[in-house]
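You will see two complexes here that share chain A, one where it goes with chain B and one where it goes with chain C.
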Partner chain A sequence: MSAPRKKRNPLRRTVLPYFVVSPYLIHLLLFVLFPVVFSIVLTFHKWNIISPMEYVGVDNFLRLFQDRLFWKAILNTLLFLVVHIPLQIVVALTLAYFLTQKLFIRGFFRASFFLPVVISGVVVTILWQQLYGMESGVINRVLTSLGLGRVEWLTNWRIAMISIAIMATWKNVGLYVILFLVGLQTVPISYYEAADVEGATAWQKFRYITLPAINPTIFMVVILSTIGGFSLFIEPYIMTGGGPLNSTLSAMLYIYKQAFEYYHMGYSATLGLFFALLIMLVVVVQKFTIESDD
Partner chain B sequence: MKPSKIILFILLSGAALSFLYPFYWMILASLTPEAQIGELGIVPKELTFSNYTQMFSKIPIWRSLLNSTIVASLSTLGVLVFGSMTGYALAKLRFKGREVLFFTIIFTMTLPFQISLIPNYILMVKFQWVDTMAALIVPALNNAFAILMFRQTFKSIPDDLIDAARVDGCGELRIIYQILWPNIIPTIITVAIITFMSSWNDVLWPLIVIREEHLMTMPQLVTLFAVGGRAEPQLGVKLASAVLLALPIIVAYAIFQKHFIRSMASSGLKG
Partner chain C sequence: MGTKDIFRTTFLFLFFSWAFTSCSKDRVNRDNELLYWSSNNGGEIQFSNWAVDRWNSAHPDNLLKYQPVPEGQSSEEIILAAVVAKTTPDIYSNIWQGTVEFYSTAGILVALDTLEGFIDFIQQRCDPATILEITSGDGHIYQVPWKINPIMTIYNKRLLAEMGLDTLPQTYAAYMDAAKRFKKDTDGDGYVDQWFGNTSVKLAWYQRLFNFYPLYLAASGGMPLIKDNRANFNNEYAIGAFRFLQELYRENYFSKQDQSAGQDLFVAEKYATKFTGPWEIQYLDRFKREGFEYGFYPMPVPDDHEGPIYTYCDPKSIVIFNTCSNPQLAFEFVKTMVSEEGDLEFLRTTNQLPRRKGLDSIPDFQAFFSQNPQLQVFAQQAKHVKGVDNCEVLTEVFDIISQEYEACVLYQIKTPEEAIADAERAVNVLLRVKN
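Up next is the complex of A and B:
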């Protein structure tokens, strides 16, 4: 950067950048750094906000490790991710691959896949709660008209979390279709033509040309849906309240309940801190696993 | 058309139907008398507006629409104004601590929000911002993602343009908003759409800091109309509130579809 010809007060020139970033600095101190420090303080205290804070040492951590419901909530969240992520990748990749073909009204298809992405999760959840209905739900009515049996989508504890994962896939997949579409379009057509000359099968072309090219996209989809999946909250909150038999109690829903139903601020902050560290750990492990796959 | 293309077309149509039909069903169900929703198919037997009139009399939905509009608009304005200030300083100004600030911003993006949720709520209690719009707006005025987007865009603008403006006696803020903004319209649109959408659709934070019905945002009010002690027993009435929540976004999406897709895809690509 060249110095401006018309020099102003030198003090002003040194102070000015700090003035320009000051709105963000205030935000950073108040809403990012202070909460992180304060959350660590909170983990050593018992507090219901109204009465004074009470120092309890590492009690919150001991309680966390014995809290069966919290571990169940973590496992539920992981089950959600294990169903949601592969399903999302397969569906998104398939639809994106279809969309690479030159087709009539391709733009309309793309726009319709993307519609649920922009709509509030509240709407999607209220809607799917009805679609999943046992007797008059649209999905079970389609199944019975095809001569198949009804599924207890939300009332069977073995199925409920999977149902939520299917809904979440339906809601988000449009975004990943677009990301895969961008990734697929980076592969030069000449590669496929060369493979055709060599007599490669469709699977070989996918495995050795397409997959390496979209590996960065797959990584991004995994990371984005992991972070999103760990935040799972409003879907079980509206759809099942965490039931049946706590089978859809997500970690975030449990933290929310500890804080705002029981007012265990210290304990809930401990759960939040622990859960955040777990998320960061999982993302780092994913990063290394996928990169070493290359 | 080749047979393979016809099969592809049928498959894609089936997929599109599975994404569109549920919304069609929801809109139709909200216009159907309660007793007939159960056997609703493609064509309604009878249409009624009574679900909507009942909903209007039960919850302050218009007030919540206004609240959501205020919150999302002011948050977006803040993110644009402050985000371009910080992004500009990181891209074009020299000062001690610039690199530290840049890496701090990157670091804050990797922090899961779960860590700061409870402390931020306590901060709102201490500020006495619970049950005020300030709790919804002030923490949302700055956003790390927007700062990085602005920094990236400003870096591509030649210094000559800024130097020339300085020679003409422009202050830094005038340079940002009068000289640079007209040159970065696509970035502004992208940041605005993403910020507005995430504010509009956020429901966890409002559930935590707002308890009074007339201050609630629209997704929050609709949520409390769907579950909990104040839940609405009639399905059609509940769905009517969900339709109204979805409608502004569906209309905006229908008009600015390409911008929505491009913006949200670029947020995924950079995030």
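Up next is the complex of A and C:
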């Protein structure tokens, strides 16, 4: 004989689930939805934080399209991405490939490559600022000791953004090495064995087996690098302040300056909204491009 | 619902109720005690404790509560956050003169000239030029000028003596000539490694307060950048200052090395001069090698300059926020804090100069300066100093100048005339849009 079923409290069934999810719901409302809605409201206002808001209609949007510095910041960010993403993929994939081989103290190398990822971005930036120093920087000292010329890593407007992209790659590559390692380990060994039987070269095996097999990983790395690259801020903020000649002024840095140096909260929110839509567009285009290639 | 559930639900309800009510601004209630914030550097904390203790022992019925400004990236950010959250102190010292107009326009500062005894007090403390400088665009005064750190040229005595200079290179031509002679590639690697000077190459707007702006004030005899709500700097003085700095960089007399990147090259005797303030004295006392001798002299000026040499003084003021329940009482405290006795104590504990007239002629102060001759030079310079213009968008004005400075001085892609004219145009557009 089975035991009598315990009567369920209807209130408990209806209210309890909401109560259980309420901490997350409150967090979502307060720290995600409210700021999003508030910043959309801000785009139609002029506000300097401490004075009352003033309704300005679409003035902020009109200003955005005439703001040369903002478009320069967008171009700078795109330049950063053009250098950073391919460099990141090539370096991460190469390192991951070597780490799949039977190397001496492989575990040590894996941990070493990941170490910069967990170091604070500010610390890494200050460290690289020292390395890039024109006169007393370690890199230039090495170059001059080898009889090569000094490089104006951060003071030449033509290469300052590239210098930052190199540094950002060093900082983040460990994360992508891990992703590629996982991707590489999912490729069945039998594919390579079959290719060996057919007499395929190492390049052919990489081109026709490895690359297609890790395509989803490459897609993920491209998306993550793009989103991460668009949020470029700490590096130019600390190292160059956006200079020389605004060549390292990233879009995020410009939005920050508008908000927290000039207190143009409405305009800054407009830039932020536009920039978020741009990132969304770029990611969607990337997704379709990579999927169509696939 | 079981007993356990009821307890659990009640506990969670009470916890969240407590958490949310703790965030209420009513929690800021301070039992009618006035609250004073100072900056959070050691010397100023020590001085503020002294001033508050002295006040509290003399006024047991009107006790004052003191705390340094909470830690943050900068005190300006903390103050702004406090203003937004309406948790400002009653009194705050160490506010940069350039931000006072921003706050006063928003109506969150007490107009001090409406308080009893303020006019007499300020006339006794400051000369008419300073009073004019701190008077807001609406005709009221919202700040008590408190302290200054004038920018001057520091020089390495040994290096200049070895060059055989009879007099300090005070004019642009003399400075340039000395720089030309001093520049050297000491190790023969084909790169200059000894420069006559250095100043920040960073783009940040406030860096121009420590190179272009003091040179402009020195050349122009203290002319404002903004006058009658229009740019006032498209003149021979600003152009001359840009040209002077441009040549220093073009000829590699000044290093482009950022000072924060690596060792201090002035201490390492790789720079013979630089533009700095009195804070350098305590710094050098800690880090210079034995026998390293240095001195200060006014900012370089154009060759045909006549009259006193002005400079920028990095002024900080004291303000009373409109959240203060008793502004008159707050002002009474400020008066005691910046009295002659208070200023002398401030000077002793912080090595910073109070902003009061006749600084180097008050007997008690004279005794201090005779024991601190390096600081005495700054006290003498204090007779000819300027703060900044009362302009709500001063940060943006300096940012515009900084952009042009970089293009002209550091990268030489514009002539000084073009750069200053472009800056003037941009500042005028900014000021017009603002209104």
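The rule is short, and it goes like this: the second predicted complex is superposed on the first by the 288 of 294 C-alpha atoms of A that agree within 3 Å, B and C clash if a C-alpha of one lies under 4 Å from a C-alpha of the other, contacts with A are read in each partner's own complex, and residues count from 1 in each chain.
FYI, a residue touches a chain if its C-beta (ideal position, glycine included) is under 8 Å from a C-beta of that chain, and two chains touch if they have at least 3 such contacts.
This is a predicted model, so every value here is computed, not measured.
**Student:** Using the touch definition from the top, say if A:Arg12 reaches chain B (first), chain C (second), both or neither.
**Tutor:** second
**Student:** Of the two partner chains, chain B (first) and chain C (second), which one does A:Asn48 touch, if any: first, second, both, or neither?
**Tutor:** Second partner only.
**Student:** Using the touch definition from the top, say if A:Phe180 reaches chain B (first), chain C (second), both or neither.
**Tutor:** So A:Phe180 meets neither chain B nor chain C here.
**Student:** Per the contact definition in the header, classify A:Trp157: touching chain B only (first), chain C only (second), both, or neither.
**Tutor:** second
**Student:** With both complexes superposed on chain A, which partner does A:Ser39 reach: first (chain B), second (chain C), both or neither?
**Tutor:** first
**Student:** Looking at the overlay, what does A:Phe80 touch: chain B (first), chain C (second), both, or neither?
**Tutor:** neither
**Student:** Looking only at chain A, is it chain B or chain C that touches more of its residues?
**Tutor:** Greater contact footprint in residues on chain A: B.
**Student:** Let me test your reading of the model: by the given contact rule, A:Phe113 touches which partner, first (chain B), second (chain C), both or neither?
**Tutor:** First partner only.
**Student:** Output check: A:Gly242 vs chain B and chain C. Expected answer is one of first, second, both, neither. What do you get?
**Tutor:** second
**Student:** For A:Ile234 in the superposed arrangement: first (chain B), second (chain C), both or neither?
**Tutor:** In the superposed model, A:Ile234 contacts chain B only, not chain C.
**Student:** Go through chain A and flag every residue that touches chain B in one model and chain C in the other.
**Tutor:** The answer is residues 49, 129-130, 135-136, 241, 260 of chain A.
**Student:** So in the complex, the part of chain A that touches chain C is made up of which residues?
**Tutor:** Residues in contact with chain C: 9, 11-12, 19, 48-51, 129-130, 132-137, 144, 150, 152, 154-155, 157, 240-246, 260-263.
**Student:** Given the complex with chain B, which residues does chain A contribute to the contact?
**Tutor:** 1-2, 4-6, 14, 16-18, 20-21, 23-24, 27-28, 30-32, 34-36, 38-39, 42, 49, 95, 98-99, 101, 103-104, 108-123, 126-131, 135-136, 138, 170, 174-176, 178-179, 182, 220, 224, 227, 230-231, 233-234, 237-238, 241, 252, 255-256, 259-260, 265, 268-269, 272-273, 275-276, 279-280, 283
**Student:** Can you tell me which positions in chain C touch chain A when the two form their complex?
**Tutor:** Against chain A, chain C makes touches at 1, 5, 9, 12, 77, 80, 83-84, 102-103, 105-108, 189, 191, 193, 201-205, 255-258, 260-263, 265, 393, 395-396, 399, 403, 406-407, 410-411, 413.
**Student:** Applying the document's contact rule, which stretches of chain B touch chain A when the two form their complex?
**Tutor:** Residue positions touching the partner: 5, 8-9, 11-13, 15-16, 18-20, 22-23, 25-26, 29, 37-39, 82, 85-86, 88-90, 92-95, 98, 101, 104, 108, 110-123, 125, 139, 141-142, 147, 159, 163, 166-167, 169, 172-173, 197, 200-201, 203-204, 207-208, 219, 222-223, 226-227, 235, 238-239, 242-243, 245-246, 249-250, 253, 257, 260-261, 264-265, 268-269, 271.
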